[in-house]
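So, here's a batch of structures to check.
Heads up, the next two complexes both have subunit A, just with different partners, subunit B and then subunit C.
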Partner chain A sequence: MYYKSKGYRIFSIFNHILLILVALSCLLPMLHLLAQSFSSKTAINGNLVSFWPVDLNVDAYVKTFNNSNFTGSMWISVIRTIMGTFISMFIITTAGYALSKDFRGRNALMWIFIFTMLFSGGLIPSYILVTKLGLKDTIWSLVLPGAFGAYNLILIMNFFKTIPKALEEAAFIDGASFFVIFRKIYLPLSLPGLATVGLFIMVGNWNAWFDGILYMSNTTDYPLASFLQTVVVQGSAQSMALSQSEAAALSEQSIKAAQIFISTLPIILVYPFLQKYFVKGIVLGAVKE
Partner chain B sequence: MAFQDYKPWLGLTGSTWIGWDNFARIFQYKEATQSIYNTLIIAVIKIIVGIIVPIFMAILLSEIRNMGIKKSIQTLVYLPHFLSWVTVAGIMIDILGLDGGINHLLTNLLGIKPIYFLGDPTLFRPTIIISDLWKNFGFGMIVYLAVITGIDPSYYEAAEIDGASRRQQIRHVTLPSMMPMIIVIATLSLGNILDAGFDQIFNLYNPLVYSTGDIIDTYVYRSSLLNGQYGFGTAVGLFKSGISFILIVISYRIAYKVANYKIF
Partner chain C sequence: MKKTGVLLTTTALMAGLLAGCGSDGKESNAAKSVLKDGKYDPAITISIAKQQDENAGKYINGESLNDNVLTRWGVDNLGINIQTTLLGGDASQYNTKLRLALTGSEKLPDVLPVYDTSLENDLIQSGLVKDIADDINKYMPDRLKEIYKQYPTTFNPVVQDGKVYGMAISPNLTEGQVLLIRQDWLDKLNLKAPTTIDEFETVIAAFTNDDPDGNGKNDTYGFDFSGKDSYNTGWVSDSVMIFSAFTGKNLPGQWYNDNGKLTYGSVADGTKEALAKLQDWYSKGYLNKELATQGAWDALADFTEGKAGIIMGRPWLYGSVKDVETNVKGAKIKAYPTIKGVNSDRTYQSGQQNDGVFMFNKDFNNMEAFFLYYDKLYDAAFGTGDFKYGYAQGYDYDIVNDEVVFDSKKFNTPLDAAQGVGKMAFTKNTPSVDGPGQSFYDLSKGMEASNGVLIRSASNDETTKEGYVISYENSEALLPNAFNGPPTKTMQTSWEQLNTMEKEVFTKIIYSKEPLSAYDDFVKQWHEKGGTKITEEINEWYNNASKVDVMSQMGLK
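Let's turn to the complex of A and B:
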């Protein structure tokens, strides 16, 4: 009834406009970036580029992919993301399976894990620990410190707990071991949860920039996000490896834009496929009776 | 380490113990107390705004009936959450710069002088808070939207028969149903009160805005790793962790009492 009233109709129109504007505000910066990356130097310097490329060209991308610093960093990021996600998922799912059962000392163990989530030693102790373990300047310094996230563990554990006990008991009677049950029942049944947590870990690994700057002494060992940080924020033109003649023809801004865009592309590509899972996953993890 | 005059070449066993000196120094250095104050201000506003706006947006979005439009809006507003602060900082430095898009718009429409958002101490905090909101509100919205969709429609029908307008329905049905979730999220976020967002501020700040933008985490980074005061940096970090820990335990207790929320 209410939606037929005049007041509600006016509200509805404003509501649509407002929300569409908000949604656009999330999209337009990316479009602007994309347009810049395809535009010429004169157009960018003259502030002519808004959301559509001016003097369309792909020089910035050619230059970016010919920059061995960039491609090297990208490769490190790819390896790091694959390794990091795999290791994290392995630890978290196995630990989550064990902790979803009742056994003596379980609560004490849980509190120890949660303690790590709440109480970190801080920047310097972590740095010294990683250095003393001899991980500095290796890829392990990027992958291992964050591999076991208590938050993700709790999410996964709560997923495992929702799986009916009867399934496990039935499998036991059929002669299945814990590992078989874990692999054949628990993992497939909690796919939305795994996808959600997996996506978080993947994105987290891909986006992490500070650990690279912290633990790598050579900029050539930086993962992509750390490399970008030096280019975009510290504005070091040297990491772009431009010669003088190139600097005259190519806008720094369009190279930056191209680099940012390329580094974001994997996330934009994965995101729509996993979105339907993570909406469900977050809600199940957060809303609990 | 926090209780030592730590020297890397002497190590943990070789460095001299100096008791609580490092902690005492936190309150002697103006920069340190300033950073604690900044952290509190920025974090508190971020928490408040970060709870209210997603609730508001979730209610507005639930009013949209067309599933196609609803889904597209959802997809777009979550997206920034998955970009790294390096990326967002790159975009922001560009569009907020003196000759960037926002200033371009402002000078053309309103005829005012370009504003240097990231270099003006009075504007730095609002810029930080709004950009954080922009990046993260979509994510908070998911949870609230799920709660709204989970509300039993018969409540609305009953309210409508009693002659409640849409606004009254939202006030008396939607909001009360969301309350437990809001309380849980609000109390749990208490623990973040000393966390103003290192990634964001580190990538956006500069010496011009240290007075209003320097937070504990960035101060620790500068004072310890860059200036070599390892013991002092650790003490500041420990100070922060200690207080956060106490706050989280308290807030968890409240959440458990009020909304019967348990982590595991």
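Let's turn to the complex of A and C:
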């Protein structure tokens, strides 16, 4: 048996150590942040907090949830993520279904989509487009520009292609239309793929911050990631002009930590529910017949 | 049934798109506003661009950027509504947004605070900002004119061909840096605060080797500073004092006006000796071991933790590091003036006269309204008028039992932090005429705390107050950068490279990864790779900037 050989065991040990190290390098920063969020400002400024809270308190969380801008931004992020995911999934699945069939001009269309993967118009043209369409300062400016992703489309399309053609033909014979087949056969059968891509899109929407700062001209319209960006980035401000009060604001590390932690929580909570599809989705995508 | 659902979603999407298209309205101010008794009727709106500051997301009582205590005050008292129409996050995002606005995809706000000299130049070139020389002459109130008269060099970056395309944002010389020293360590080791470079060396050597915290471990060091971004941070965790001790007025990373000729500080005589000193100290463990990786703000942690004995910074820095007095039993910090140089002259530091400039949309016709509002904001600085004590009771100050209180924890409704109301209109920092700390100096000389500025200063803690007095007494030590213009032609192509090289060489020498002779190579290369050309161009810029007398044109002479 190959897994009993000495070489395999060494490989396995090495593999475990490596994966544990990788896992730790992801986990420890989060733990540090968590400890900071429960610690006092004094202890943090004195560099006394590592992975366990010092002067345990929940002030940072109380302040965060009492900050209407934080909760408001969180709400916008939730709406944006839900809307963005649904719109994206709608576009990508319908387009993916169509493109998984053979029809005239399919390759040309495909090339156009792939072209957008390789080259983008850049910041200025997209900004002008969004502004001239009047999307600025609306939630559409966050949701629409990124709704169609060629990469996700290809994933979904390939998933649809793995579904046996015979199923579709049988359904045709039973009198089903394209839409019925799409809805009743293709979508349920490719749940793992949908969940995987859906998660990508969801996380992408949740984490995107630049578009919020770019298209919103009022802080109260910022999604959470943009709000955090403006709050947290202050810490690296390197301007000579920093005044006393700005400096005081810079040192509120425990609040920043709490905000970062709260903001990552919802998306972490989504993972366990999608986990089973996620693994399956990747495996299925890898096996070709 | 489901088909209709799909259709509905699509329709909703399209409707959203179309509805959005319509909102690009171009309504015009039909009714003409008139200024009557210091108030516009009907109210006018001034749109502004804004780089977010620490107020981001910190408005109280559910207030927001465009609806807060100061904007409401403006509408009620002046008939002027300030509306932020362009908002950027940190400096680079803000500059990106201004550049995007330059593409003409939307209307440029009326008032544009700009903090980047090359962007200032681009705005001037674009022809979208107006020449305000006459407006300043006509509308700027006299007390503001007095202030701007004192800082003529702040106009340099915005003057082109005898036209004035902007003005400094609340010019005022910032406070200088002081030495914050662990007094308990000095006392324990029977040392005096250092006044010369040799004494400084003695103190940091003792702080490193003689176990000042008495824990029996060799875990302390003398001097804590940051070298990540520059060896001249200009505000906290600075090391510029050591350079200045050897170079006098030539500070690293800064241009010095040597009798009408501008020279670059990092390549000046004496820098090599300063680096030699730092290299020696670093190898002996007297300095912050991680200085090259820690930014100004991160470098403080060692001091606050009780590991380092000396740090430099603006006087208010005490408030940020005083946690050490809580964390470490018996710790006590005291502020001292910076040391003297090797030729027994004082040491110098970077002073700053303003934080960016105001520029104005060329279609903006309400300069008078702008100056009206701007002058009112200065009320707090002068301690006059509506803002005698501060901008808004219960926000940045409060009156408790007939006493003016600035400590937000003692307000009638206690706040975690006082609100920076003065920053909510156009300026990033509340306007000040206090110089490097005049109010503190006056108080120390026994002046009674009669207006907001003085009361506010008096409410600071002792160490901070002492620091400000030191800063004021040493205000001649503050040297503003002599070059504040847009990047010159050669700078655009090679400045970043030269800067990187400078940072690398300095750090490597201090870390002993390169011999001291690497500095000579650096100076040679600096000159060859564009430094000489840049120096020429900068001197040319300086001569041009000081050639045209725009000051009298603006009535500032």
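Everything that follows uses one rule, which is that the second predicted complex is superposed on the first by the 237 of 289 C-alpha atoms of A that agree within 3 Å, B and C clash if a C-alpha of one lies under 4 Å from a C-alpha of the other, contacts with A are read in each partner's own complex, and residues count from 1 in each chain.
We take it that contacts are C-beta pairs under 8 Å (C-beta built on N, C-alpha and C of every residue); 3 or more make two chains touch, one makes a residue touch a chain.
Model, not experiment: these values are computed from the prediction.
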item: Which of subunit B and subunit C A:G46 touches, first, second, both or neither; value: second
item: Partner chain(s) touched by A:K136 [first = subunit B, second = subunit C, both, neither]; value: second
item: First (subunit B), second (subunit C), both or neither touched by A:Y271; value: first
item: First, second, both or neither for A:Q229, with subunit B first and subunit C second; value: both
item: Which of subunit B and subunit C A:F179 touches, first, second, both or neither; value: second
item: Subunit B versus subunit C as contact partner of A:I20, first or second or both or neither; value: first
item: Touching partner for A:N207 - first (subunit B), second (subunit C), both, neither; value: first
item: Partner chain(s) touched by A:Q253 [first = subunit B, second = subunit C, both, neither]; value: first
item: Which of subunit B and subunit C A:Y127 touches, first, second, both or neither; value: both
item: Overlap of the subunit B and subunit C footprints on subunit A, listed as residue numbers; value: 47, 123-124, 127-128, 210, 214, 229, 233
item: Of all residues in subunit A, those that touch subunit C in their complex; value: 41-43, 45-48, 63, 67-70, 73, 87, 90, 123-124, 127-128, 131-136, 138, 140, 144, 179, 183, 210, 213-214, 216-220, 226-227, 229-231, 233-251
item: Parts of subunit A lying in touch with subunit B, wherever the complex brings them together; value: 1-3, 5, 7-8, 11-12, 15-16, 18-20, 22-27, 29-30, 32-33, 36, 47, 50, 110, 114, 118-125, 127-128, 154, 157-158, 203, 206-210, 214, 225, 228-229, 232-233, 253, 256-257, 260, 263-264, 267-268, 271-272, 275, 279, 282-283, 286-288
item: List of subunit C residues in touch with subunit A within their complex; value: 2-3, 6, 9, 13, 16-17, 19-24, 52-54, 56-59, 62, 64-66, 84-91, 93, 96-97, 100, 103, 105-106, 174, 229, 233-236, 295-297, 300-302, 304-306, 314, 316-317, 319-321, 323-324, 326-327, 350, 352, 355, 416-418, 420, 428-430
item: Residues of subunit B touching subunit A in the complex; value: 1, 6, 8, 57, 60-61, 63-64, 69, 72-80, 82-84, 86-87, 89-91, 93-95, 99, 101, 104, 134, 138, 142-143, 146-147, 150, 160, 165-166, 169, 181, 191, 198-199, 202-203, 217, 220-221, 224-225, 230, 233-234, 237-238, 240-242, 244-245, 248-249, 261-264
